[in-house]
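Each of the two complexes below includes subunit A, the first together with subunit B, the second together with subunit C.
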Partner chain A sequence: MSRPGFVLEVDERTPPLLVHEGENFRLERLPHGSRVIYPPDSLPGIKDLDGAIRRALLNPHGMDPLPELLTPGMRLTIVFDDLSLPLPSMRSPDVRQRIIEQVLEFAAAKGVDDVELIAANALHRRMTPAELKHIVGERVFRSFFPKHLTNHDAEDRENLVHLGNTHEGEDVEINRRAAESDLVVYVNITSTAMSGGPKSVAVGLASYRSLRHHHNVHTLQHSRSFNDPPNSAMHHSYHRMADLLGGHVKIFTIETTLNNDTFPSAARFLNKREWEWNYADQATYLATRRGNGLLKPAMRRRLWHKTEAPYGVTGVHAGAPSEVHPLTLKNVHRQQLTEVDGQADVAVYGLPYIGPYNVNSVMNPILVMSLGLGYFFNLYVNKPIVREGGVAIFYHPMPNEFHPVHHPSYIDFYEEILAETTDPAVIEAKYEKQFATDPWYTHLYRKSYAYHGVHPFYMWYWGAHAMQHLGEVIFVGADRKTAARLGFRAASTLNDALELASHTVGTSPSITYQHMPPLTLASVR
Partner chain B sequence: MSSLALEYHRSPGRFLAARGLSRTRSRVGGTLAGALAPLRLVRNGDPELPKGDGWTRVSPTLSGICGSDLGLLHGTASPYLGPLTSPPFVLGHEVVGTTLDDLPGIAKGTRVVLDSVLSCRVRGLPPCESCQEGQTNRCDHITSGHLAPGLQTGFCADTGGGWSQRMVAHEEQLHPIPDSLSDQRAVLVEPLACAIHSVRRVPIPPGASVLVVGAGTVGLFTVLALRQLTEAGSIHVVAKYRHQQEKARQLGATEVVEPGRALRAVRRMTSALAHRPEIGSEFLLGGADFAFECTGGSSGLDTALRSVRAGGTVLLSGMPTAGADLTPLWFRELNLVGAYATRQREPGGPEEDTSSDFAKAVALAASAPLDGYVERYPLHHWRQALEHASSAGSAGSIKIAFDLSLEG
Partner chain C sequence: MSGAKKGGARRTGGSLRGDLAMLRKNRDLRGRAMTPRGYPTASGSTGGYGSGDEDTTTFPTAWARTPAAGAVRNILQRGVLKPYAWAKTRPTIEGLDLLEGLRGPAVFVANHSSHLDTPLILGALPRRISDRTAVGAAADYFFTSKAVSVTTTLVFNAFPVDRYGRRRGGPSLPAQLVDDGWSLLLFPEGTRSHDGWMTAFKRGAARLCLSMGVPAVPIAVRGTFAAMPRGASLPTRNATRLVVRFGRPLYPGKEEGTAEFQARMLKQVAALWAEEDLGWYQSLRAAEEGKLHLPEGREPALPVTRTPVERGRPVADWRKVWESTRPSGPDGNPRVWRN
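Up next is the complex of A and B:
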């Protein structure tokens, strides 16, 4: 039986606590009385995963078993989540590979020849062949790539189809092949409560024309949080779109959830609570920190991005998206939810080296902001862990560094737009369309490995709710000039940060540290 | 009567030393290059009035230090210009001063600015084809006539130059200025007229996108002229230093970018495609309609050539001191246009052209927000002045000028 999540109150017996800061981490002594939110212990993974997948496909929720949906001559499209999930990447074989292989076996047995595999990368960068191979496995890759295993291209006008508008006027435009298929099988990993469900097809296979209806400042500011779908305007929009999609496309979804085995055994201490570290963990911590310090930045990054997680799969559910997703969310909550009493004056977060958009890439300053004020701040239900007008303290070095191939529009966003304003609403009104329709960014998105021109805007909007909610944002260890460009303050140490924060929350603030990764979803009462 | 003058003399040793040091591109190198420049402060008799009518002595009040002066002193100017000068000569062609002799239409004691071009008429020659058309800056006779060779005042042994207490000028070169125009603004008239000339070299259609590379005096005045005399659309300015960036915005730049961002900014402005070769910097397919190269440097020219759309135009406003890869010129069928000094009038225009480059410049010098552009030095502090001028950008300055009134 795994222990549930809990909230530690720091006292004199509490050891220094681990805080992630990019490709490194530190042990930090928090002031006495600070609270620390830990996730539940990692749940046991399903032992017979292939059997569980088979059972899910044969006993779906709200739909006929998969084999009964397959007929000779039909058009079958298998769509799968891209490399932004999970984080870090899953040790091979990826659960998507296992599912896809079984789906293909059923299809072959039923004489289905017209099969296409599409990565649901929306406006994310195309995956390289190696990255695709990692997700679908060698056998599937060799059989389908390149002609029948592709990345979704949200700018290929000929291969998009506009299915209509929701009753709120939202355009629903998705990949033509999927829209015109007899059956879409969606293979998902739900690693946070925001993912999966109505989001999968409506977002993963959509175009900018469709995405702009929910990826905008207004929606993000009214998604509290976007990890709490009932209270997320973004998810309300997804649902409206999914309802419309449901009238046009038959979708059989397979959703999976993972446990919190986020780091491999070589870095086991990162998965453990500090007071449970044994001598080997302490030695590994010291050695890892020392090694990190000795490595050149590029080598250090490469090493960390090669790290694959030995996740266990905690659930596999298949069938109609609307019936499957609530079961998936329950599993996510079982692994991530921790009850927290009340909000604090100051929230503390350590930001790790990886987020959804820098896999095998550079976490540039905008992605740091998005990870902190977007993803981490929004890992709550009910209320943020920090009160309105409070202070958020993040740890990250925030170097002024960009991947020129993956993030070309981010560079211009940082250099030109953030130099003028950091107000998400102003940025959206004045610049979004320019970037979204810029032919060079479009060219690089389609032909190179670049995120779409509009992507940095979405990352900025991701933090819009936090920016509105917080009185002050401080980054510990950040490059001062870079932090200032983003409109934030930099501090060298936690004490400096608290000193800066004292102008907003006084000299004896209540502090809550949301200890991540592994991911923790705070349910704040 | 003797007068003080800063004289340039031929000194191959100093020329080479200055050239070597200036190539270090360091501030110290620039300082030493200035100190080693083949200049000497001399007391001469007043320059003699050349033969012919229309000459007067002029007592300069302020005389600016131009990029072309520094190019000569640092040894970075092209040897091409060598035969067009007549050492020893007194530098200084951005001049505001007072006439000391009566001329028809210009009474003794009139405050004037100088059009430095030494054309056929000034030289006592029948007009060449260019001079006949009023394009005196293209005069073919700048080495002939009764003056020593000199592409303009400031490079000619017989006229003296503005870096002195006395010089001579021909009535054709003189433009009286109103009392309301301060000396500090008047000394900017000549570089402003040059900028006006450069934006008039080619027709700039309404809405055209323009890149101005450089935001020293030439670049800033080009922005001003573009905004005042054309209906150009967006004007992107490459400016290295903060004060230059602020001034460029004040004069009408749409956007100001640092040198490393120039190409990307133009790409965004014009929705062009950018490509990076394996060696060398990025270039655009698409790009600005026009680029004004106002630095004189090779990287500025390179940026301009790589940022202009196919069939677009690159104007050389600054005196070029180095070359660049001309592949874009060939491949994109660009127009490369020079813009030297000023012309007297539009070809076919009236003799007294109220819209001449100088007439426009006098008006603009009075109305534009140009306060604080000039910093002054007495002539005997010429080393410090040249050092300051060599690093004007990093020192937060725009125009350094000699103030001859400080010599007593």
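Up next is the complex of A and C:
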């Protein structure tokens, strides 16, 4: 049986603890009395995964078995999560491939000819053929690419359909093919509690016109947190949209959850608790850290992004989205949730090399902000791990570095907008529309491999709740100029950071370190 | 893939020496770290190495009790370990005459403050006994890696002991060993002393003696804390006298319960311990008159020291270590009678 998550209080026995900092990591000595949140041990994966998928498809929740929903002459659309999930990428065969293959077996047996596969990438960049192949597998790729295996295009006006407005006036506009299909089969990986459920189709296949209703400063500041759906204004909006969608589109969803086997056995120490490291783990740590230091940044990045995780699948549930998602969330909590007593004055987070929007790419400063103040800060339910007015200390080198193909609008956002202001509300009011409708960014999104022009805005809004909540944000090891541009402070060491923080929280603050990755969701009482 | 800006082209990482220092911090020579006190183990206790959750008590040790392994062990113990330990520490062995009448298996129980305790006790015992003695070793310390498990088992005829008392299925290995005629050497404190002072005994050894009907032989080891405390990998010669003192075998009474027998065992070890300070006769009298300060719960024994200590009043850690490392008198001889 896997060991549950726990909160460790640092004492004189505690060895230095691992902290991620971009493509590298360090051992850090936290002050005695600091608390460290560890997730539960990795749960065992399902041994007979193909059998589990088959059973899920044949015994769905709230819907007829999949074969009974398939008829000759029908329009079937299979939609799947894009490369932003999971992180790092899953070692082949990806669970989406295994599910899609079984769905297609049923469809073939029923004589369904009109089948399309669409990646639900919303305003994310298109996936390259190689990336698509990695997710769906060679057999599916060969059968459907390029005509019937595509990326969703949120700027293809002809292939979007406006289904109506929610009672709050939110536009629901999604991919026409999906909207006009007899059945949409959605294949999902729920890595965090914010994913899956009503988000899948309502966000993954939507357009800017639809997304702006929940991806905005006001909604995100009232999503506390967006990993706690009942307390997330963003999820309330998703639900309203999903309800409207449900009246138009028949959706059969298949949701999966993964365990915490985030790193391959060669980097086993990253999955272990530090006091359990043996000599081999210590040697690997040292070799990896020193090797990292010797490699050129581009090579180092390539190496890390090639790392694929040997995840085990902890759950497969299929059927009606509203019935499946609660089961999925239970599995996510089983793997990630750790109970924490009370908030701290200072929260510490180590940010890794990868986030949802820099797979096979560069983690630019805006993505660092979004990963830290957006994703990691929001990995809580009930209350943040740090009190209001407290300090968050993040570890990341935050180089002033951008991927010109993937993130062109980010470069301009950084150079032009952040030089003016870092206030999310001002940025939204003054600049969002201009970037969102810029024809050059739209062209790059549709024809190249660029994120949509508005995407850096969304990343900035992602951190709006944290910016509002925190008294101070300090990045350890960060490029000082870059951190200053983002409105944050940089420190060389943890001690320096605590010294800077002392102006806000005093000289003896309580400290909580959320030990990630693997992902830990703190349930703060 | 190229960066629009080159600001990120710096190399990461500090010095190798710094990395090594961080890795070594709070780890022993074998690279292991103590489980932090705040870590909740399955048994609710804390304190071992590693997670304390993996089942390390199932390491097979029967091979070490074969004649071939015994022959190898004999060479290692008598040819290497004992000469080295004796040359380094020059121990005084007392009370061996009390073991002359001992026949059949017995459970040797000793206080524990150093890795040196086991080789000294085994080296001190007559061969007829030491050759038939197996040593209980902490499963979560000595049996967490294969190499160390094999070495410990071969050199000391060790078997894994779960010091957190978690219940597992199957018959108890120590009971089986006693049944097969092996004597056992156990350290009922469960771990080495942090300051050289004796702490309370766990009940396992007493329970074993009662259930198997075998005697317990009390042993007090003094001076090993000074010679090779926690964290040290080799013994050092110093001015503190090192004594291994055997007591008279204690046979469990017919009506005696575990708690009573454990108390008797503890009292005898404490008396032997005090003998170094009080002399033989005075320690006997102190034991008879109930004047020995026996350890209770987490409170250590209060040895007779040259500086005053009071029951119920905590003694500073440094003073405990101070007393445990106090050099012996100028004569260096054991005191039989107190002046």
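One rule holds for everything that comes next: the second predicted complex is superposed on the first by the 525 of 525 C-alpha atoms of A that agree within 3 Å, B and C clash if a C-alpha of one lies under 4 Å from a C-alpha of the other, contacts with A are read in each partner's own complex, and residues count from 1 in each chain.
The working rule: a residue touches a chain if its C-beta (ideal position, glycine included) is under 8 Å from a C-beta of that chain, and two chains touch if they have at least 3 such contacts.
Please read these numbers as outputs of a predicted model, since none were measured by experiment.
Asker: Given the superposition on subunit A, are subunit B and subunit C in a clash or a fit?
Answerer: The answer is fit.
Asker: Scan A:15 for contacts with subunit B and subunit C and give back first, second, both or neither.
Answerer: In the superposed model, A:15 contacts subunit C only, not subunit B.
Asker: Report for A:158: first if it touches subunit B alone, second if subunit C alone, otherwise both or neither.
Answerer: After superposing on A, A:158 lies clear of both subunit B and subunit C.
Asker: Have a look at where A:440 lands relative to subunit B and subunit C in the superposition and call it first, second, both or neither.
Answerer: Touch status of A:440: first partner only.
Asker: Can you tell me whether subunit B or subunit C touches more residues on subunit A?
Answerer: C
Asker: Rounding in steps of 10 degrees, give the angle subunit B-subunit A-subunit C taken between C-alpha centres.
Answerer: 120
Asker: Which holds for A:411: it touches subunit B only (first), subunit C only (second), both, or neither?
Answerer: both
Asker: Please work out whether A:298 is in contact with subunit B alone, subunit C alone, both, or neither, and reply first, second, both or neither.
Answerer: second
Asker: Please indicate which partner A:48 is in contact with in the superposed arrangement: first for subunit B, second for subunit C, both, or neither.
Answerer: Touch status of A:48: no partner.
Asker: First (subunit B), second (subunit C), both or neither: which does A:341 touch?
Answerer: So A:341 meets neither subunit B nor subunit C here.
Asker: Could you say whether A:23 touches subunit B, subunit C, both of them, or neither, answering first, second, both or neither?
Answerer: Touch status of A:23: second partner only.
Asker: Between subunit B and subunit C, once the two complexes are placed on the common chain, what is the minimum CA to CA distance in Å?
Answerer: Nearest C-alpha pair, subunit B versus subunit C: 11 Å apart.
Asker: Do subunit B and subunit C land on any of the same subunit A residues, and which?
Answerer: Of subunit A, residues 411 contact subunit B in one complex and subunit C in the other.
Asker: Sort out for me which residues of subunit A touch subunit B in the complex.
Answerer: For this pair, the touching residues of subunit A are 411-412, 415-416, 434, 438-440, 443.
Asker: Where on subunit C is subunit A touching in the complex?
Answerer: Residues 1-14, 16, 19-20, 22-23, 25-27, 30-40, 42, 49-51, 53, 144-145.
Asker: Hey, which residues of subunit A end up touching subunit C in the complex?
Answerer: Interface residues on the subunit A side: 3, 6-16, 21-24, 26-27, 29, 273-279, 282, 285-286, 289-290, 292-294, 296-298, 300-302, 360-362, 397, 399-405, 411, 479, 481-482.
Asker: Given the complex with subunit A, which residues does subunit B contribute to the contact?
Answerer: Within the complex, subunit B touches subunit A at residues 255, 257, 261, 264-265, 267-268, 271-274.
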